[in-house]
């Protein structure tokens, strides 16, 4: 068991290192010359050379990478070209809203998704099942920005139930979280449904029923506990999916998280910020997957014993 | 005995490494035997005996860790890839599971023709004729060639596998448990087919099985393996009528006999087959042997011929006095 | 093929193929179907204040913020989205299959190196990676397609890897080897035919992913750049009018959703039919 934990942590560490290298490479091969951007139009060749030396851009690749890594280790993600502030500070200031959104979104996804999945599995084959599955399908096929705009239009613009974006109160959180929650629940409901169907097929369910257990007990205590196993691993992946969509949702709803930061940076082609957000997201994904992998043996005794 | 036997296996050993070197598994340990053309050798053993590995070593599907396999005066390990590939025309394998050894996406015709395609035998038009006649000779119905393996029963699929094996006119066929996956009533059909083909095509068989009753039916010589080592070797008659090794005796006693007067008490072996990673010291069989002596726990017995019949070899301390070194 | 017959019987497949048919025809016959050229700005296409017109007799679906006919732009947008979808997906499938087969068949150090690399790439959220790449490389239709391909090949590689691994271990592969087959022959005659259904399924599903990604990138302003119409960038351009002329956002949005949905339905149906482990499970 300990071996497994060490292996997984080691694996994640290597991936993090790899991520940093790729991020660095992307920065390195930029055609846009950051030096000119910082120096301005009328800089003399001397000034440019000076800035280049200052930024360490005249050194060989590996030396620059080492410099980059050591900066990273100290939490320095570089400087925004245009805002002249440290990227790390910018990201830090916006991390909390994104985390709030992520946790609420995943909570709602699980709430809707698991309920729908269990319900669909119990009513298998009937219309309820089919409609839930089609709805999940549509959820999975729709791009987030379109649903976000739709939700905003209906509930904020037309119905005035919620404010049109912004941050600060619970009311502001509802629409973006619900959008993500409903869209993301599609994945969970499908997996939960097929997982429940698999479990319900098993002999131990038949045994529980034969012993006279109530249907509710059978479903929630026996079936659910076993069916939920694949879901745990999915949560780790979900963090990744969330990070992927965070730019879009935050910008549509005006949610001041790192996604919106990236959106603004995209408009201005402020590469360090974009890279910083990408890096932070990748780190979040690796950590998310690691946690999912570490929790799974506790939830699934079969995996624990196999280790 | 021939000075140049048809097939000569000499002190072949195969060690597998698991866990990047941490576990060494000696699947086959110093096996030697000679086979003449037209003979059938039955290799008998249970799980972990190494019989399947030995079968693959004989055909050079696996490289021996040490020792040599000489077929038709050629040392198989010394052949180049190209030479080996050409040699494969003469030595074929029939696998145990007729369900998984045939590619489900190929038609029966394609499957039987595949060896011809691989070795570019005959022209493309002539191949079809040969496929048809081979299919007929193994007893497949005429319209089989366009159908898929899953449409056939186990016994018929094994016939397809046999057709694939004989179509290149091989001299040696290694059959790895060819009837173990089949229903008992079908087993004898397939065995009889194999015997008939052997007669017609002058084949040499190596027949691997855990089932002594099947081997009794078909083998000229029998080799009994236990945990990678040969414990007894002899002719069919000798092994069944004059078994020496306690393990051989136990296996034979377990063979169902129809005539109630032939039935003897079953010898029940103690314990389970140990894992190949932790073989008992001394004679590997000692923990389960009811005749084990102190020496058996310490010293590995050598494979020695018994005095009354030099073709009959045993690896057991009980018979050391009776035997002489080869 | 009985699989084809079974597929056709399903209602979702009929629905999906119909939608895909409409979209593909629009894309191919765009110059014949579209009432106007997509990039022509009409002075009469805007109100006196300069806002877009709603649906009327001349412009069936109305105009956009620059007075261009929305219907024509939607039709030509189909062309852009389809082109990018096919190109990006095609490249992704090629690269992914190539690496997946190599990793799965050769295994060993090459195999694990390739798989480690895909692990690495999967740690990056697809959209952010695409954004970064788009920001670095100057935009053009092909660059957008290439960027999407760079992001999407990884998943295909992993699926192909797992499949190749499991197929390579089957006994009929060993049987072919014992007959004397070369690796090339085994790949060509045994492994690829077994991979074909999976590649087909993932290609179909992949088009949906690529189109969604392109739409999102265009919506963010870094995908297909105007004036070339793409459903995503129509939304991008007309966002400010979304309260007064919501159809400018929702019609292209509907098109995107229908497109992705049909490919998803089709791919899912294909997967049900072609994956024997799914057979017997009423989905």
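Per-chain numbering from 1; labels A, B and C assigned in written order.
The criterion applied here is as follows: a residue touches a chain if its C-beta (ideal position, glycine included) is under 8 Å from a C-beta of that chain, and two chains touch if they have at least 3 such contacts.
All values derive from a computational prediction rather than experimental measurement.
If you draw each protein chain as a dot and join the dots that touch, you get a simple line with two loose ends.
Between the chains A-C lie more C-beta contact pairs than between any other two chains. A straight line joining the Cα centres of subunit A and subunit B is 56 Å long. Subunit A and subunit C have CA centres that are 22 Å apart. Rounded to whole angstrom, the centroid-to-centroid distance between subunit B and subunit C, based on C-alpha atoms, equals 53 Å.
Along subunit C, no residue makes contact with two or more other chains. On subunit B, the positions that touch subunit C within their shared complex are 59, 61, 84-86, 88-89, 92-93, 95, 97, 100-106, 114-115, 118-119, 161, 164. Across the complex, subunit A meets subunit C through its residues 14-15, 18-19, 22, 26, 29-32, 124-125, 133, 137-138, 140-146, 149-150, 153, 157, 194, 197, 240-241, 243-245, 247-248, 251, 262-263, 266-267, 269, 271, 274-275, 277-278, 281-282, 285-286, 289.
Residue ranges on subunit C touching subunit B, taken from their complex, read 170-172, 174-182, 185, 189-190, 193-194. Subunit C makes touch with subunit A in their complex at residues 116, 119-120, 122-129, 131-133, 135-138, 208, 212, 215-216, 219-222, 235, 239, 242-243, 246, 249-250, 253, 256-257, 260-261, 264-265, 268, 281-283.
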